[in-house]
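So, here's a batch of structures to check.
Each of the two complexes below includes chain A, the first together with chain B, the second together with chain C.
The block that comes next holds the complex of A and B.
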């Protein structure tokens, strides 16, 4: 009698209540996800087969053109293909470096030592700096300086470069070394969130595993490979996915697509390029993920 | 005893035994410096700590270089800015660049404070909303099992694979349909639904012991109370970190094609305009770069002690 008066909510079973609240909690995010992620994704593909015009009075006009946009992007546009190849090379070159570097940093920062707070603060600076305008300034600066090939003072390494140059090492090699130094900063600036993810994974490893390893007489080297790496391997997968999609999002293609759409109003061509790019990036990320998935260990 | 005749294993055992018997003596041998370095732990070697510090030092130098460059650039007089090859440190520091910047700002039609307000509103609303929405969504995904929860978790991970930035055109059209173009919401709303925040929060919340949540449930707490009073305080480092990340993302947002009205534009838009005015304003540009950099750094320093800290998830033994 009493329960009947108290309404339907009180008659729900516990799992059903949990599910109900789960969905209530998820609702705002889900709404945003559908509206601002899923719908635009689908529309990108839809627009790419059309000629899109924005009518001044509001609204849009679509005229189907079939594969014309794709043909133009791949065969006519002079900038698209080289940018695409460059981006792919860059992504596959940077990703392993970023993953290794950020795992290393996370392990270093996870240790207990004096001044850890300061060290962590310094390592967080790149995340702060990696914003659009700031990054532009820094890359511009290093770009300018790099332009001054022989005596350039990038990272205060000029004197080393000069020394190497004087020792009779070829100019190209010196240039390559300077290039690598430049890249180190780029890699560092891109690995902030990865360091974070790895740190959280490292802290989630149960200390009892290390205790067991110690009691069994494992060396630090063995412990690293057989406990640490194995336990963070799911996060290696996640980080790889995130790193690659981040790199894809930062490439020159984005500026190309953006300029085509909002400067030249060629929306159809722009969305066609985006679709090709999106497909390519998802394909390469998926391939990488499948490869890594084979060695990932899930601990339950 | 001659230790050269022993195998490595025996040597180790011997060492251990020795260390055990001489525990008190060994600590005395450590100098004050070594003690400080190893935080007084007897099982940490000075050599190991030194190597660690050396590694960190080298990396920090690389990270600090652009900062030093930026700061010293802001104080360089115009003739020093164009020295070739560029110098890392300023020779004759001057405040001219900042004076020029403020001259320029006082001439403009819209006051500096308006730009600042715009940016702060966008950044704060966007970050707080992002944290609220993603932690609300992360909580059930991390802690409860219900039909569809597994699928949704997979969707979150999968959506990390998609570069959301490629959808600029449809995004703009949706915003214009909703009537949000040329308002703050066109920047704030997309920030709400980034799946990275949800993913990070979910990862951290999975580390909160189930026992805590069970206890709350037995005591009859609602789901909101569970999230607010138990899970959120436990994952404080996570959401503070998330706040910093989303703060810096939004801080650098120029709102390029979403906001046209000049007095709605954020600070970076104005600074980019100044920056694009060429060589004559090089000094002003380096001053603005410094200002743009200082604010996130201050925010970071304030919340620094909580970032990346070890999660303290109560004393529950599982």
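The block that comes next holds the complex of A and C.
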């Protein structure tokens, strides 16, 4: 009698209540996923096969054009293919470098040493400058204005470059070295979160594993490869996925697509490029994830 | 007598002792080398990180007419605040700063709230299809959000929910240029890196001991009460991590605001990208407020670069102040938040 008055909710079993609340908690995200992710994704593909006009009074007009937009993007547009190739090269070149660099930094910061607090505070600064906006200003802009060679002047590398040049080393080699300096710079500014994740993973390794290794007579080198790297390996997967998606999201293609859509009003072409890019990035990341998954060790 | 025999050192003992000392010395030398190496690397990398910031600061304080002199690279010959003054005017700093702080704070709170709720659901509340939905969260992290710019733009241009607005006013609502679009996209968890925050929170919540929540349920607390009273307070370091990251990333982001609210003059990052796009124009726009004797500096690339750098510092400054306050807890929290949990 009493339970009947208290309504249907109180008659649910605990697992049912859990499921109900699980759904309620998820509701905002689920709604967002459907309205602002899934539908736009489908629409991107839909728009790419059409000529799209945005009517000023509201609404859109679609005229089907078949594969015309794709043909234009891949065969006619002079900027798209080079940008695509550049992005791919950049992603596959930077990702391993960033992973190795951030793992190294995390290991450096992990042990106990004097000045650790200060070092950590400095190493996490790139996180604040997450988009590397400040960094871009320093490297790119000064590069455009005063010639590429001076772009590395921030580090006093210009002096070394001049020295090498005067020593008779080819200009191209010097330029390559300078590019490397700039790369290091970008890698530093892109590895903030990765350092953080690796550091957190290193802290989670049980000290007993190191003790065992020591008792068994493992050298520091062996311990590194057979304990540290193995235990951190699941996070290498996480970091790789994150790094790649981050690099894909900050590609020049995105600027290209934005300008096509909002400066030149070529909406159909812009979405066709978006679709190609979307497939390409998901495919690359998925492939990489599968590859790494094979070598990752899960401690369960 | 026996005692003495025990403490007396045999020749064998002496050899052992000598060996032990040798090993100790060796270890000491090795750890010294390791430490030296470590410090050298840390100093180099710190330099890599700090040099651009320091040189920007030095440029910002340089007297405009001394810019580009080789004698005033690290330490300006003449100090001046002129660059700061001009840069502040170009990005409309006085008006944009409070507006952007409030805007970013609201976005951060909404984004965090949605991610927390969703993550708790993924971590603890079992319901059918949970695994699949979490795979979709990971999918949202992987897909570059900019690929949806046009459909999202169109969605907010002709905003309508279940046909309500068309029924009321006869046409869909235009939410472009309206803060509601940003509020909506963030409260629904699809804002900047929304998926990643769900992931971080899920890892944090999975690392909490289950017994706490079970005790709360046994004592008759509901799901909401357990979440807000037990789960949230005991995962404060994870919360801090996400709050800091969300604030910083949204602060540094001009993409969403440019897409949905392109004419906003009070968003700092937008004002900055606009000013830096053509420093020349930005300076000439405020030319009436620039002292007359700097007129010759206009259209001077070195001066424009310096103004751009100073503006970047101005945009970056509030984050630095925030970082100084939360830095200690943030760094500690990262270790304990269990981002890299099971």
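Worth a mention:
Assume the second predicted complex is superposed on the first by the 263 of 300 C-alpha atoms of A that agree within 3 Å, B and C clash if a C-alpha of one lies under 4 Å from a C-alpha of the other, contacts with A are read in each partner's own complex, and residues count from 1 in each chain.
Criterion: contacts are C-beta pairs under 8 Å (C-beta built on N, C-alpha and C of every residue); 3 or more make two chains touch, one makes a residue touch a chain.
The structure displayed is predicted, hence computed values, not measured ones.
When both complexes are superposed on chain A, chain B and chain C occupy overlapping space and clash.
Of the two partner chains placed by the overlay, neither chain B nor chain C lies in contact with A:56. Using the contact criterion defined above for the overlaid structures, shared-chain residue A:207 touches neither chain B nor chain C, since it reaches no partner.
In the superposed pair of complexes, A:198 makes contact with chain C only, with no contact to chain B.
By the touch criterion defined above, A:35 lies against chain B and chain C together after alignment on the C-alpha atoms of chain A. Judged by the document's definition of touching, chain A residues 15, 18-19, 21-23, 25-26, 28-33, 35-37, 39-41, 43-44, 47, 52, 58, 60, 105, 108-109, 111, 113, 115, 117, 119-131, 133-134, 137-138, 141, 145, 155, 184-185, 188, 193, 196-197, 199-201, 203-204, 238, 241-242, 244-245, 248-249, 254, 257-258, 261-262, 267, 270-271, 274, 277-278, 281-282, 285-286 lie at the interface with chain B and also at the interface with chain C.
Across the complex, chain A is touched by residues 35, 38-39, 41-42, 45-53, 55-56, 114-115, 117-118, 120-122, 125-128, 130, 133, 136-155, 157-158, 171-172, 174, 185, 187-190, 194, 196, 198, 217, 223, 227, 245, 248-249, 252-253, 262, 269, 272, 276, 301-302, 305, 308-309, 312-313, 315-316, 319-320, 323, 327-328, 330-331, 334-335, 337-342 of chain C.
Those residues of chain A whose C-beta lies close enough to touch chain B in the complex are 15, 18-19, 21-26, 28-33, 35-37, 39-41, 43-44, 47, 52, 58, 60, 105, 108-109, 111-115, 117, 119-134, 137-138, 141, 144-145, 148, 151-153, 155-156, 158, 184-185, 188, 192-193, 196-197, 199-201, 203-204, 238, 241-242, 244-245, 248-249, 254, 257-258, 261-262, 267, 270-271, 274, 277-278, 281-282, 285-286, 289.
Chain A contributes residues 14-15, 17-23, 25-26, 28-33, 35-37, 39-41, 43-44, 47, 52, 54, 57-60, 104-105, 108-109, 111, 113, 115, 117, 119-131, 133-135, 137-138, 141-142, 145, 154-155, 184-185, 188, 193, 196-201, 203-204, 234-235, 238, 241-242, 244-245, 248-249, 251, 254, 257-258, 261-262, 267, 270-271, 274-275, 277-278, 281-282, 285-286, 300 to its touches with chain C in the complex. Interface residues of chain B, counted against chain A in their complex, comprise 36-39, 41, 49, 52-53, 55-56, 59-60, 62-67, 69-70, 73, 84-88, 133-134, 136-137, 139-141, 144-149, 152, 157, 159-174, 176, 189-190, 192-193, 195-196, 198-200, 203-204, 206-207, 223, 227, 238, 241, 244-245, 248-249, 251-254, 256-257, 268, 271-272, 275, 285, 289, 292-293, 296-297, 300-301, 304-305, 307-308, 310-311.
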